[in-house]
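First chain written, first letter: the chains are A, B, C and D, and each begins at residue 1.
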Amino acid sequence: MPVQMDAAALRAFLERDFPQMESDFVIERVDEREITVRLKVEYRHLRPGGTVSGPTMFALADVSVYLGILAMIGPKGLAVTTNCSIDFMRKPAAGADLIAECKLLKLGRVLAVGDVLIYSEDVAEPVARATLTYSIPPEIN
Amino acid sequence: MPVQMDAAALRAFLERDFPQMESDFVIERVDEREITVRLKVEYRHLRPGGTVSGPTMFALADVSVYLGILAMIGPKGLAVTTNCSIDFMRKPAAGADLIAECKLLKLGRVLAVGDVLIYSEDVAEPVARATLTYSIPPEIN
Amino acid sequence: MPVQMDAAALRAFLERDFPQMESDFVIERVDEREITVRLKVEYRHLRPGGTVSGPTMFALADVSVYLGILAMIGPKGLAVTTNCSIDFMRKPAAGADLIAECKLLKLGRVLAVGDVLIYSEDVAEPVARATLTYSIPPEIN
Amino acid sequence: MPVQMDAAALRAFLERDFPQMESDFVIERVDEREITVRLKVEYRHLRPGGTVSGPTMFALADVSVYLGILAMIGPKGLAVTTNCSIDFMRKPAAGADLIAECKLLKLGRVLAVGDVLIYSEDVAEPVARATLTYSIPPEIN
């Protein structure tokens, strides 16, 4: 199953449809059912103490699976998150970007499931893991 | 087990320690192991189409359980989210605030578990549900 | 939305299609989008120490949501679990049956979501909570 | 961090402390923070239609993480599951054993987190994935 949208196509899609997110995220790599997304950590993503907030990590996991699905099915639009489980395992390193490594475990007719490991850049142990389910509306099958 | 911090005390805590969150959330009600928190929906919380974003709902669920725990154990600080499962079940109503009804199911020595139902104001069916686990560090037992 | 199958109809369905489960579970109450199911705890459900095993509690949560869905949509068959999150919060009481209180939070065209609290009989604090998503195949809509 | 218990030591532990499980599971491989466990599928594990039941897959994921933790910390006992999220993604192949590939993402002082992918033997796409959190009691630190 070939990739339908590469990093440049996904970026153009984000710029047009999600301009508020485009400045936060960098698509580093797109492969069949795999994508790597960087969060450029800014002050607004931080909690007191300098650590990246939980909602920011959730957002990174969510956008990574979304873009991973779009990469495979094309810019057809309205997949929605139906479920997420996320484990916060370590404190992110201060001052480091976060890197999300996402793998689609299932890309079915109506449901897609993606797994995400989130790392502080250049740190071996993941800070968080997440699994998200997206519902793919019938019109885009 | 009596409530240690009421809505005013929780608000003062938020203002001091999480000023960036204080303008988003209103603590509506505090009871033993229960809390109601309102998200004042603003433009920055929305996705294209006018619906509240997933990360915003995650943030609402997360802060509700955090405040529910602080209400019971006092302003001792550094409980951290270790796990969240969240189900997005319906599209939030456009232009309506979100109301989180949180209940602590467990408040143990090292782990607390809170359940949250999120509603669009004045709509009967919940838009999302979440369960969060917090780890309570030893020094605050 | 009226109940399509009452406790007797659900029991007859279990006896015919899931005979291996029928002896474990008692349907105590069926209401609109709500069901109560008892697990008659036997030696084979226990872990060393006399506590009910995790897989047994998972099975109780799973069957409760399944029966709660069937009660509403009728005996049309093949809904399948796609996701479960479960929190084990306390040790079940020794020698007590488990009671699952299940509520359907969503009963959509393709997905249903049920919430379950599991109690040791006559104990106020829940031993576990679970949320399950079922996928409802198109032919039974 | 070296492995404390190899496959033979884990098997001896299972035989002594969980004799009812010992006949179902085969420990195929133990490495640092990784373990592979086979479920020998028997008639009692099946649902109508010949597919392995959800509770059986939950049990396989649960025991895999448990044994993966014991392999690293030794036979000290009483780690308990506090949380599991599990996604059922495909129907298991009929008549095939299930293989669980488990990786410990965190092995902390009080919490351990393990990720599991479950495959039908000789099938490339996973049938399920799960993440489990175990609480490690203080006396075994």
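Basically, contacts are C-beta pairs under 8 Å (C-beta built on N, C-alpha and C of every residue); 3 or more make two chains touch, one makes a residue touch a chain.
All values reported here derive from a predicted model rather than from experimental measurement.
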- request: With centres defined as the mean of C-alpha atoms, identify the chain lying farthest from subunit B.
  value: D
Query: If you tally the C-beta contacts for A-C and for A-D, which one comes out higher?
result: A-D
- request: Starting from the mean Cα coordinates of subunit C and subunit D, work out the distance between those two points in Å.
  value: 24
- prompt: If you average the CA atoms of subunit A and of subunit D, how many Å lie between those two points?
  reply: 28
Statement: Cα centroid separation, subunit A vs subunit C, in Å, comes to 33
- request: Could you tell me which residues belong to subunit C and also touch two or more other chains?
  value: 82-83, 85, 87, 89, 133
- prompt: Which of the residues in subunit D come into contact with subunit A in the complex?
  reply: 85, 87, 89-90, 105-106, 108, 113, 115, 117, 125-126, 129, 131, 133
- line: So, in the complex, the side of subunit B touching subunit A is made of residues 17-18, 20, 44, 47-48, 53-56, 58-59, 62, 80-89
Query: For the complex, which residues does subunit A have touching subunit C?
result: 82-83, 85, 110-111, 133, 135
